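Presented sequentially are two complexes of chain A, the first with chain B as partner and the second with chain C.
And then the complex of A and B:
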């Protein structure tokens, strides 16, 4: 079920604070965040976030198309290099 | 013979059924088209007059995206997701299910026919 509209989008408050701070300072530094569950808001466009994936902060440059999605969608948590069997089969 | 929305030539079938031969029109859309244009659903395509066919054609052209336009729209949406680098885009790139289905078994629609794994016999 989709989230009720009257609640507004969910964003962890520290993300908002950090984003505002970097906006004011004007420097385009990577903003490290752990909150993968936060919604990407219109005022985040143009900023670079380092979204934690459990191991490191993946840099994500927020563009207009990303608004409304969650930060976690841009920082994959799993690495998959394929199966060994697949490679053998291809060699034959 | 009736040409509606480009290449489609459905023939001796009932109008709502014949319209579903167009990519982007299913049973429910086809029925709504018949209602909008005022054609009885039990009538067949070869019973229609030229003006009725024209009415259907105009209704589809102005209200519904079909065939090439629809395919292009879908393709563009998929491409947008892939360019964004978001999770859904990654799944599209890999040709795996996008909406969180299991891939341990099943998911054959996206993965294609099952490939045998080398050295798994005996």
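And then the complex of A and C:
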């Protein structure tokens, strides 16, 4: 069953506090969080979170198209490297 | 294997009884495996001219010049296919092949060596460079952005990184 709309999106309160503190300080830092279940909110856009995957904190740079997803979706808990072949990386 | 070749696929045995082979592609666009000219075996001694005939469940069926029977095709099972690095098309600025980035030395803005790029990952939130080095216990994931990686110098095999605070152990 989907979450009731009247409740609004779920976010652990410490994530909100850490994000607000980081934004106010204006420092270029990774905000370490363990809450994979928290929803990505519009005020997180542009911040870099280190989302714990059970072993380490994976850097997640939040962009607009990630709003509404959960942090855990961008921090996989299993390792898969695959082959390099002709795969490309783009510097944003 | 020559350092200027990249693995783009592998042969997985015969397809049918007419000398066709099954090809597994490791490319971003799977059908591109046949676009990079003649392919080579890992030791560079064998050359394969590949023509894809049809997509199949495990990849592609293909014909290879000089392979006419099922027995010949079966004998090729397990061979990895390498393309010349020069055969890959040029990329626009700020786009790089993973094969070019892996192995580059990573230095901070002060010139201190942080490690080497071990892999390039993408979990949906942008590309990440996995940096490993003797000074680092665990490999560190560095966001591949203009802010965190201001300079990529392929010619000198070096990356200059300005990592966010708290990413590297003493950073």
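As a convention for this text, the second predicted complex is superposed on the first by the 79 of 92 C-alpha atoms of A that agree within 3 Å, B and C clash if a C-alpha of one lies under 4 Å from a C-alpha of the other, contacts with A are read in each partner's own complex, and residues count from 1 in each chain.
The working rule: a contact is a pair of C-beta atoms (placed from the backbone, for glycine too) under 8 Å apart; a residue touches a chain by one contact, two chains touch by 3 or more.
What you are looking at is a predicted structure, and each value in this text was computed from that prediction instead of being measured.
Participant: Please determine whether it is chain B or chain C that touches the greater number of chain A residues.
Facilitator: C
Participant: Once the structures are superposed on A, label A:38 by its partner contacts, choosing first (chain B), second (chain C), both or neither.
Facilitator: neither
Participant: Where does A:63 make contact in the superposed view: on chain B (first), on chain C (second), on both, or on neither?
Facilitator: After superposition on chain A, A:63 lies in contact with both partners, chain B and chain C.
Participant: Return first, second, both or neither, reflecting whether A:73 touches chain B, chain C, both chains, or no partner chain.
Facilitator: In the superposed model, A:73 contacts both chain B and chain C.
Participant: Starting from the residues of chain A touching chain B, keep only those that also touch chain C in the other complex, and list them.
Facilitator: 63, 66, 73-74, 76, 83, 85, 88-89, 92.
Participant: In their shared complex, at which residues does chain B touch chain A?
Facilitator: Result: residues 80, 84-88, 90, 115, 117-120 of chain B touch chain A.
Participant: If you look only at chain C, which of its residues touch chain A in the complex?
Facilitator: Result: residues 6-9, 25-28, 32, 36, 83, 88, 91, 94-99, 101-102, 119-128, 138, 141-147, 149, 152, 164-167 of chain C touch chain A.
Participant: If you look only at chain A, which of its residues touch chain C in the complex?
Facilitator: Going by the criterion above, the answer is residues 27-30, 32, 48, 50, 56, 58-63, 66, 73-76, 81-92.
Participant: Report the residues of chain A in contact with chain B in the complex, numbered from low to high.
Facilitator: 63, 65-66, 69, 72-74, 76, 83, 85, 88-89, 92
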